[in-house]
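Each of the two complexes below includes subunit A, the first together with subunit B, the second together with subunit C.
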Partner chain A sequence: MKGIDRFAEKFFWVAAVLSLSVTVLIFGFMVILGLPLFKGGQFFEILSKPWLPDRGIFGIYPMIVGTLSIALLGLGFAFPLCLGCSVFISVLGPKRLGRILKKTVQSMTGIPTVVYGFVGIFLLVPVIREVFESGSGMCILSASLLLAILISPTMILFFSDSFDQVPKPFLDAVDALGGNNAQKILYVILPYSWRGVLTGLILALGRAMGDTMIALMVAGNAVALPDSVLDSARTLTAHIALIIASDFESLEFKTLFACGIILYLFTTVIALLVRSIDSKSWRRK
Partner chain B sequence: MKVKLFRIGFLQVCLMLALSFTLVSTIQAGSLEGFMGEKGTIKISGGTAHIPVMKEAAKRIMTFNSDIQISIAGGGSGVGIKQVGEGLVDIGNSGRKPTDKEINTYQLNIFKWAIDGVGVVVNPENKVTLLTKAQLVDIFSGKISNWKRIGGVDKSINIYTRDKASGTRDVFWKKAIDKGQITDKANFVVSNGAMKSAISTDPYGIGYVSVGHIDESVAPVALDGVVPTLENVKKGTYKIARGLYSNTKGKPSGLVKKFIEYLFSPEGQQLAADKGFIPVK
Partner chain C sequence: MMDRVLEKVVTGFSWICATVLLGTVFSIVGYLLVNGLGTINVTIIFGETDPVDALLFRKQVFDGLFPAMVGTFALVALSVSFAVPIGIAAGIYMAEYCRGGLKRIFSLVFDVLAGIPSIVVGLFGFSVAIFLHNYFYSRIYPCLLISALSLAFLVLPYLIRTTQVSLENLPENIRQTAPALGATKLQNIFYVLIPRSLSGIASGVILSIGRCAEDTAVIMLTGAVTMVGVPKSVFSNYEALPFYIYYISSQYSDKQELLSGYGAAIILLVICGLLFMMAFFIKNRLTYHALYRQ
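Coming up: the complex of A and B.
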């Protein structure tokens, strides 16, 4: 028995160290390969300049703006819907229907994003083009609408799980006091589970920023700084996918490491935020 | 089976190139028979103009001999050259001739098996089917931004282009718009197929595809009076054309060699012609 114990301990230890070191190594790899940019003092220049390869300017500012606007807009679309959906699943809806709905949402997590992108090109993009009569329909709005669908399962599952953790006596108490459902949600459920909601929200934001396929297929990938949500835009991830084939030695290629570092920092900050919320809620209990 | 890749010196590269020409000319008919009793996989990536021919060839070979697996990916010419050079795939396709630098660093053997035009396309609903070169340059640089100015409807022009890895873009940029600027408002798509679906769904779009990809879902635009068709490319009246290349690292051997031979066989060349390209033989 003891042998197995020790083996298991070793095994998990190795697994933990391995996954941690891979993460650290990848970051180190990007920093080292991006080193020429830091040394030449170009790193911050790259962050604030436009992308004009013909003139030798390889700034990624438009891509940072593109990433943030698509991800945040997507989050904005998805949040209210997900909140409503998970309230229905956990609180208001009939138990059976709620369970079916939750199973459906769970199966949605497995849909590859390229499928959303594909559907988006043929169904959503023409509609956006005709309705707003501006541009090609490949734009921030289209991409963020699809992203909203993509990140919904993450949010709904997190929200409804945290709603489920509200102790039943609390809910009974509201009923006993004659409170209605709206009051139940506003004054009991949300205040009790806001940490879970926030965690879901932040994780969904991370997912939205990290996605490549939807933006690549539907956002249009123009390198100009977008002026409106109907403009074509490029995300950092799509940018990497588009530029990866250029010459390894070129400055153009090296700027990809800047993109990687920025994306990495974004997601790390997000992960840290989630952790700090998690640990706080742990302490409270 | 992993295809063995030979490392060879520079002198040998030249020799190999010379050899490859003789190889090409000595390939005999018989087409699929060569694949009898073979077993293994071929990985292909790169140029997206090549894909229809590659797919059909792969289908025929795999139907003839189910022990052979052929996988085909896109990515663009740059990706094809890079991946074959790094040994990630067995054949890297490109819609442009690899540069001398690429040939030397990766010891590439290049095989040009068809000629292809690059045509400007618009949506079939679009009434503009004739442009001068100057107009085309102005459209892609963003100077002409409304269809009305060139005889179309009062709608802004949506420009579609390809990324730098694209051989199609390379040829278009060099020969169609004389290395002019492409506006930063242009939308980027990742393959000839994606370009076609973008233009076929966008009534106000303009882009460029391999002539082999032009079908009824998009309308070709005549440039200075010459329509981008197979015949015009063949006659040489339509000037925006390039070779379609399949590249291997070192001299091809085994199954990969047979695949390349198949492309040059009468059946393979007919296949290229069927898909809208001009056979080299």
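Coming up: the complex of A and C.
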């Protein structure tokens, strides 16, 4: 009996260590395969140069700009929308409508990303093209609008969860003082749950920067540095998706690992940030 | 006075947001249904081939969605069978055995794994395949097996988390009854704790099935192609629904192809929707049991 117990514990442990080593291995692979880039400071050169394959320059600066502008603009569209929706769900909306909205948002997490992209190409892109009368309609603006919808469920569900964690006596106190629901949100719930809101925002940023399909399908994938939100752009993720390796040893191919390393490090920073906010809120409670 | 205005604005704003979001979602799904529902029939799936022959794999289907559906199914079955045992075992380790500083390190690493963009996991799978091809066995290329393994890595953190959380959420009195009667730790886990948290674990498994079925970024780097028919072995290329949708959206040559893209999108949406509802239903049953059965 004891033997089985010890064996089972070993087995569970092996599974956990295996999962841990996969995580480390992914990073290790990127670094080893991208190793030539680190010699002689080439890595930082790549980060700051444009992508001009004809002249042998393979910089990913335009992709970094593309990723940041699409993700941040998407977050900018989504944040007020999500705040409004979660306030509607938790406090301000009629109970039934709020529940319908919440169910819809939960179901949105089940919609495949590629379906968003597909509908975006045939529904959103033509509208953007007609309204702004410039280019093909495949641009930063289209991608960030679609991305805003994609990341909304993450934020809304996270926000309304943290709104629901406000202790009931606080809310009763507002009622007792004759305050209305709008005052409840403004003066009690939002000040109390700002850490949750911040965490949701950071998680959504991670989701926005890591998404591939939306940018790949509707941002146009131009390698030039974008000038305006109506310009086509390429993200780091789309850049990885687009290069079909012809030569495994070429510098062009090595830059993919630079993209991978940046995205990986960014993910780690997000995990650390969320963790530090979380632990602080525990200490306070 | 200013405050009054602010409060009115907040209320109005939240109504506008709710309307905008609901409107957007319904127009996305509605657009798809209006344009694609008419295309859903036997021909879009099996083409000119007889459905019975296709289902028995006696004849290949080249002008329908059948190979893509088989590919997606094989992919999901393979990757879930890799990921579920490891994910659940690691989740049990996290909830029942791991303690202290070690637990914090493990949790952080799994958070990182959960956040890694799927395209980076795809790039990893792709480079591993090329690496193996160059140094070990020249017949290994990006293929169904490589995709399934990469997808397994992608869903591993979800499985670990759902297992861990549903075990940790069990009330203390349930946790201590069996050991008090002389059961070992392992007996307690298998006869008491896991059966009690089964619905949480099951909904995690179903959600990861959905994640495997919808992911496009991983498979486009690790062996998904179009026009190869039903995969012959785990070492061959394969078709998959999400990749087909992506491919059609950028490469369609005529109206018929585009329409089959709409059809594929609806089929994928329905599959993912059903999986999602199933997971949700099981989880709700869990809270029902927790609330009314004790």
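In this text, the second predicted complex is superposed on the first by the 266 of 285 C-alpha atoms of A that agree within 3 Å, B and C clash if a C-alpha of one lies under 4 Å from a C-alpha of the other, contacts with A are read in each partner's own complex, and residues count from 1 in each chain.
The criterion applied here is as follows: contacts are C-beta pairs under 8 Å (C-beta built on N, C-alpha and C of every residue); 3 or more make two chains touch, one makes a residue touch a chain.
Since the model is a prediction, treat every value here as computed from it, not as a measurement.
J.: After the alignment on subunit A, I want to confirm one thing: do subunit B and subunit C clash, or do they fit together?
T.: After superposition on subunit A, subunit B vs subunit C: clash.
J.: Could you let me know whether more residues of subunit A are touched by subunit B or by subunit C?
T.: C
J.: Scan A:87 for contacts with subunit B and subunit C and give back first, second, both or neither.
T.: In the superposition, A:87 contacts subunit C only.
J.: Pick one for A:104: touches subunit B only (first), subunit C only (second), both, or neither.
T.: second
J.: Now for A:138: first (subunit B), second (subunit C), both, or neither, which partner does it touch?
T.: Only subunit B; A:138 stays clear of subunit C.
J.: Let me test your reading of the model: by the given contact rule, A:42 touches which partner, first (subunit B), second (subunit C), both or neither?
T.: neither
J.: With both complexes overlaid on chain A, does A:121 touch subunit B (first), subunit C (second), both or neither?
T.: Both partners, subunit B and subunit C.
J.: Tell me which partner A:193 touches in the superposition: subunit B (first), subunit C (second), both or neither.
T.: After superposition on chain A, A:193 lies in contact with neither partner.
J.: With chain A superposed, which of the segments 6-14, 60-68, 96-104 or 240-248 in subunit B collides sterically with subunit C?
T.: Only 60-68 shows clashing C-alpha atoms.
J.: Shared contact residues on subunit A, subunit B side and subunit C side combined as an intersection?
T.: Common to the two interfaces on subunit A: residues 121-122, 216-217, 241, 245.
J.: Which residues of subunit A touch subunit B in their complex?
T.: Per the touch definition, subunit A meets subunit B at residues 50-54, 121-122, 125-126, 129, 134-138, 216-217, 220-224, 231-232, 234, 241-246, 252.
J.: Okay, in this complex, where on subunit A does subunit C touch?
T.: Checking each residue of subunit A against subunit C gives 1-2, 4-5, 8-9, 11-16, 18-20, 22-26, 29-30, 33, 80-85, 87-88, 92-93, 97, 101, 104-119, 121-123, 149, 152, 156, 180-183, 185-186, 206, 209-213, 216-217, 237, 240-241, 245, 248, 256-257, 260, 263-264, 267-268, 270-272, 274-275.
J.: Would you pull the subunit C residues touching subunit A in the complex into a rising list?
T.: Per the stated touch rule, the residues are 6-8, 10-11, 13-18, 20-22, 24-25, 27-29, 31-32, 35, 85-87, 89-90, 92-94, 96-98, 106, 108-113, 115-124, 126-128, 130, 134, 153, 156-157, 160, 184-186, 189, 210, 213-214, 216-217, 220-221, 242, 245-246, 249-250, 261, 265, 268-269, 272-273, 275-277, 280.
J.: Which of the residues in subunit B come into contact with subunit A in the complex?
T.: 75-76, 78-79, 82, 156, 158, 160, 163-165, 181, 183-190, 194, 197-198, 201-202, 204-205
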